[in-house]
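Quick one: the structure is below, questions incoming.
Going by the order they are written in, the chains are A, B, C and D; count residues from 1 in each one.
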Amino acid sequence: MNFQDIAILFFGLLTILSATFVTFSPKILYSAFSLLFTFFGVAALYLILSADFLAATQVIVYVGGILILIIFGVLLTARITNLEILEQTQQRFIALLPIGSIGLGLILLILFTNWPINLLPNEPTTATIGKKLILTYVIAFEASSVLLIAALIGAVRLGRERNDENVQ
Amino acid sequence: MAEMRTALGMPITHQTKTSKNPIIQWILDVWEGFYTVLVGMGVTWRHFFRKPFTVQYPHEKLNIPKQARQRVHVDIDLCGGCLQCDKICPAGIIKIVTAKPVAGEDLGVRPNGKRRALHIAEFTIDHSKCLYCGLCETVCNDDAIYMIPDFQYTTRSLEQLVVNYSRYSPEERDRVVAAAAAEKAAKQASKPAVPQTKVSDPQPNIPSPSVDSDVFNEKCPGPDGEFK
Amino acid sequence: MPLQEIEIPLGIRTPNTDGIVGEAMVLNMGPQHPSTHGVLRIELHTDGEVVFEAIPHLGYLHRCFEKICEGLPYNQIVPYTDRLDYLASMNMNLGYVLAVEKLMNIEVGERVQRLRVVMAELNRIASHLVALGTFGLDIGATTPFLYCFRDREKILDLFEKACGARLLYNYIWIGGLARDVDENWINECIEFLDYFEPKIKEYNDLLSFNKIFIERTANIGVLPPEVAIAYGCTGPTLRASGVKWDLRKDEPYSGYEKYDFNICVGEGEKGTIGDCWDRYWVRVLEMVESVKIVRQALDNIPQEDISAKIPKNFNKMPVGDVYFRTETPRGEIGFYIMSDGTKTPYRIKVRSPAFCNLSVLPVLARDQLIADLVAIVGSIDIVLGEVDR
Amino acid sequence: MSQFNPLEAFNLPIVYWQIIWAGIIVAFVTVFALFAVYLERKISAYAQDRMGPMETGGWQGWAQTIADALKLLLKEDIIPELADRRLFKLAPYIVFAGSLGVMAVIPFGVNLIGTDLNIGLYFILALSSTVVIGILMAGWASNNKWALYGAMRSAAQMVSYEIPIGLSLMLPVLLTGSLSMIDITNAQKSGILADGYFWNWYIFRVPPFTLIAFILYFWASLAETNRTPFDIPEAESELVSGYHTEYTGIRFAMFFLAEYANMFIVAAIASVVFLGGPLAPAPWLNWIPGPIWMLLKSLVLVFIQMWLRWTLPRVRVDQLMHICWKIFLPLALVNFIVIATLVVLWQK
């Protein structure tokens, strides 16, 4: 067992444990904050698998963007000063059906995929990713940017509309 | 107001340039923000090389004028016991107990040449309640109570700030007060009082002030001040 | 605008946006908070960062000034008036003393009058320096505060040389002054004025014309003149709204009619008339005017006995009542004294400027950000010793 | 120029070297924070005609911050009764770890670096965003309204200012063609005219644009580190002390340490990316080792940060956003587009 194996085990365990906590924690803010560790664990796993750009992107997008949005959402609810914001779990059995099928699918995928055993040497991936995005997958890349711009414009429109009403 | 401001070397009015074009206005705003920040930085930069205005307090002290009103001080030898300071004090912090000497008793002469007519049996000032208004100083006929520029008299408890300036110990005070009362009672009985034993001159055995305050036992600077 | 049209806040509003009645967050600003200038507590009802209701709660510094006065002879009240507005004690002394002199029909001499004006105006500069510095501190600039205090220190040194105290002077007495000043002091005073005038440019460079400062204060907390008058605002708070009202000019006392000075009013140079920047700027300009007055008052000051008119006792006071108002750095202070002929007043009522100016805070603070509320509280420049008395 | 390579010098496996470097960084950050606090107090004092600490330790009160740190260590660790204890305890560590992690990729010499990630700059941007989580955590767990306001402001501010920072830092990346901090440093050795002179640094490379990018980065980094004029998360006149209002003792010290470490980090990034990092300004100054140049440049920038703090008032929350979205962002975007076009033309 070398250093890499220990690291993979440690971060994998961290990811799984914190993800479990996200799911089962009664307090919604605890869930949100433990997502931080999940994201970090995943980022660390990417890093060990020599996908350093992906790891940093994971942190910058999920931690710097999405997680803050989630926490903001929780904090912006009416009772932010109340520390005991609890989460209720309802209709577990109905939820079990889709979640269980997805989980089963993922497990089958893991079992029947031919995973490469040897790790690739630590090579810079940034340039490759950039070239692939701008040459090979340019249509997908541009399409997603159009989507994002549409979302931005929509958000601005929604925000403006509410302001105009307030002025009247 | 414009002429006044030009006289002071200030800009007549700090009119910023404005423009109808929003883009030019934006550039002007950004430039003004940047420029005024630089002006402010220039002011603080010049101050980096200036001599500090403050002094390193316990090592060097600012010159306190000798008329500064920092603490009430009583020169008990001069006090004639007229109670003027007690009457004028707005906070009522001065407590004076006087007693008439019994017949035949001579209390001597005060340093200012006046005869000492009364025992100052007690002269207590509660410094913790003092207003530092200096009214007591202005009404005293004998310059016995005055303000001194001594501002360092921190104590560990409020009781230590209640200081008795009289030279009489509590027992002596009770004795002279009782004697005066006895003589008064005797006079009212229109009988010549029995001469009492002569009160010894208070000078030889000077009792220390009755309150153990290190600060107040120290020699206080006089009104002329030994302050730097 | 007629008075009825002015909206006076009644009750506590609740935030109402888009039909959703939000829950107000009640925030207690004070009594221990870095920017409430003393022990003032402001109850803030906020919706996010927006304050939609600010309710000042007073009384943390109440010392029963008016009741204490009923048990004291007239001359012993003077040290207590020091403690009203402890940043402008000379002006407080002057207001009370002039009221008693009006009651007793005392006319003081020229030198006493002039020295009183000198002291009051120097104290006005000192008080405005504190107002400027703490206002800068509220906006977040620490350095101007220290510069202001550095210059105020020099004024306090002058006061200490004149009367022995740095903050609570008990200098202006009924019928005279506590001590006379010598030629040396007058020279030092003029020296100070020469030193002080160029310093105003420093404050302006550092604070007044700084873009960030202007952005923070211009168009914030606009006090229209009608509202200011309706709420009884006085002093720089009123003048910044463009109302030319200064008792030193309009009801001259203590010889103010002899001096040549301007009443500084807000002109809305950076934003609207009556905004925080105007209130700040009026104070800066008033310091310049005060310097002018002090120079005129010290010019060829006559020699005379300053204690000639001081009454020996107050046993034979005229019966009746008297009201006298003077202009302090914060506005009009009015002393209403009822005398029943004894040596203690029957009743003293103080109309204090900071109290009246503070009453307009709920109007100004409506729908402002918390950061703006801090600027507004700083710009109306309250002293809690005088608000609570 | 220091060509000293610790890996070769001690012949250590890279893992050991990284652990040693981590220890060095922690020690350095602690010592630097103590020094920076002292510096801040002295600078504020001299800007305000005061003297600052003069007593502790003798000469100019040099030991004052050491004494203060000891005091903070010995103080009682108070956790408010109604606070969320677990998150309250965790928050300072996250903030501290976030800002400390960035130090791993900052080169102090050409070979003196924790790890030369080829995505160095990107890694810095990513890791600095975790600090926000810690601040939000602290603000919410304190169960104090002022702390909550501070946390919300801080989060909004830091998230917004990442964008102009990122866009400004992209300029040197475009010019270098690499995200690695070492590559960026080396690319500033040569360029126009003679090699090894200061005009090869990126700040002077494409005259107005890189200078504007540097100024934009510097100002935006003030917001990132919660310094005046953008210190609204801890604006003491409004929010008492912002997100760390309720913290005492060692936990408060960690926030404090993180703040001063952050100051150094943004200054260090600026000096590597725009000012040539460990490079000497002229070849005949090469005898002075690189780490000293690096420290010198960073300290000058830290000094300017402090100088600004003791000069300027504080902006308001909405003005902060206004400055970010309507001034910094357009300028940074224009800058970026111009440089990108120039680089493309150049390569053709």
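One rule holds in what follows: a contact is a pair of C-beta atoms (placed from the backbone, for glycine too) under 8 Å apart; a residue touches a chain by one contact, two chains touch by 3 or more.
Quantities reported herein were computed from a predicted structural model and do not represent experimental measurements.
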Subunit C and subunit B - chains in contact with each = D
Key: Chain pair with more C-beta contacts, B-D versus C-D   = C-D
Remark   = Chain-centre distance (mean CA atoms) for subunit A and subunit B, in whole Å, is 71
Request  = Mind checking the centre-to-centre distance between subunit C and subunit D? Centres are C-alpha means, answer in whole Å.
outcome  = 44
Query = Can you give the whole-Å distance between the Cα centres of subunit A and subunit C?
reply = 59
Key: Where subunit B and subunit D are represented by their mean Cα positions, the distance between them in whole Å   = 53
Ask   = Residues of subunit C that touch two or more other chains: which are they?
value = 25, 143, 150, 206, 210, 212
Task = Please list all residues of subunit B that touch 2 or more other chains.
result = 37, 40, 43-44, 53
Note = Among subunit A residues, those touching two or more other chains are 81
Note = subunit C residues touching subunit B in their complex are 72, 75-80, 82, 143, 150, 153, 160-161, 163-165, 168, 170, 178-179, 197-198, 200-202, 204-206, 208-212, 262, 264, 269-270, 285, 288, 292
Ask   = Hey, which residues of subunit C end up touching subunit D in the complex?
value = 25, 27, 33-35, 49, 136-143, 146-147, 150, 206-207, 210, 212-213, 215-216, 369-372, 374
Sites on subunit D touched by subunit B in the complex = 43, 45-51, 54, 307-308, 310-312, 326-327
Task = In the complex, go through subunit D and note every residue touching subunit A.
result = 15, 82-84, 86-87, 90, 94, 117-119, 122-123, 125-127, 129-130, 132-133, 136-137, 140, 143, 145, 148, 152, 155, 159, 162, 179
Key: Complex contact set, residues of subunit A against subunit D   = 3, 29-30, 33, 36, 40, 52-53, 56-57, 59-60, 63-65, 67-68, 71-72, 75, 80-81, 83, 124, 126
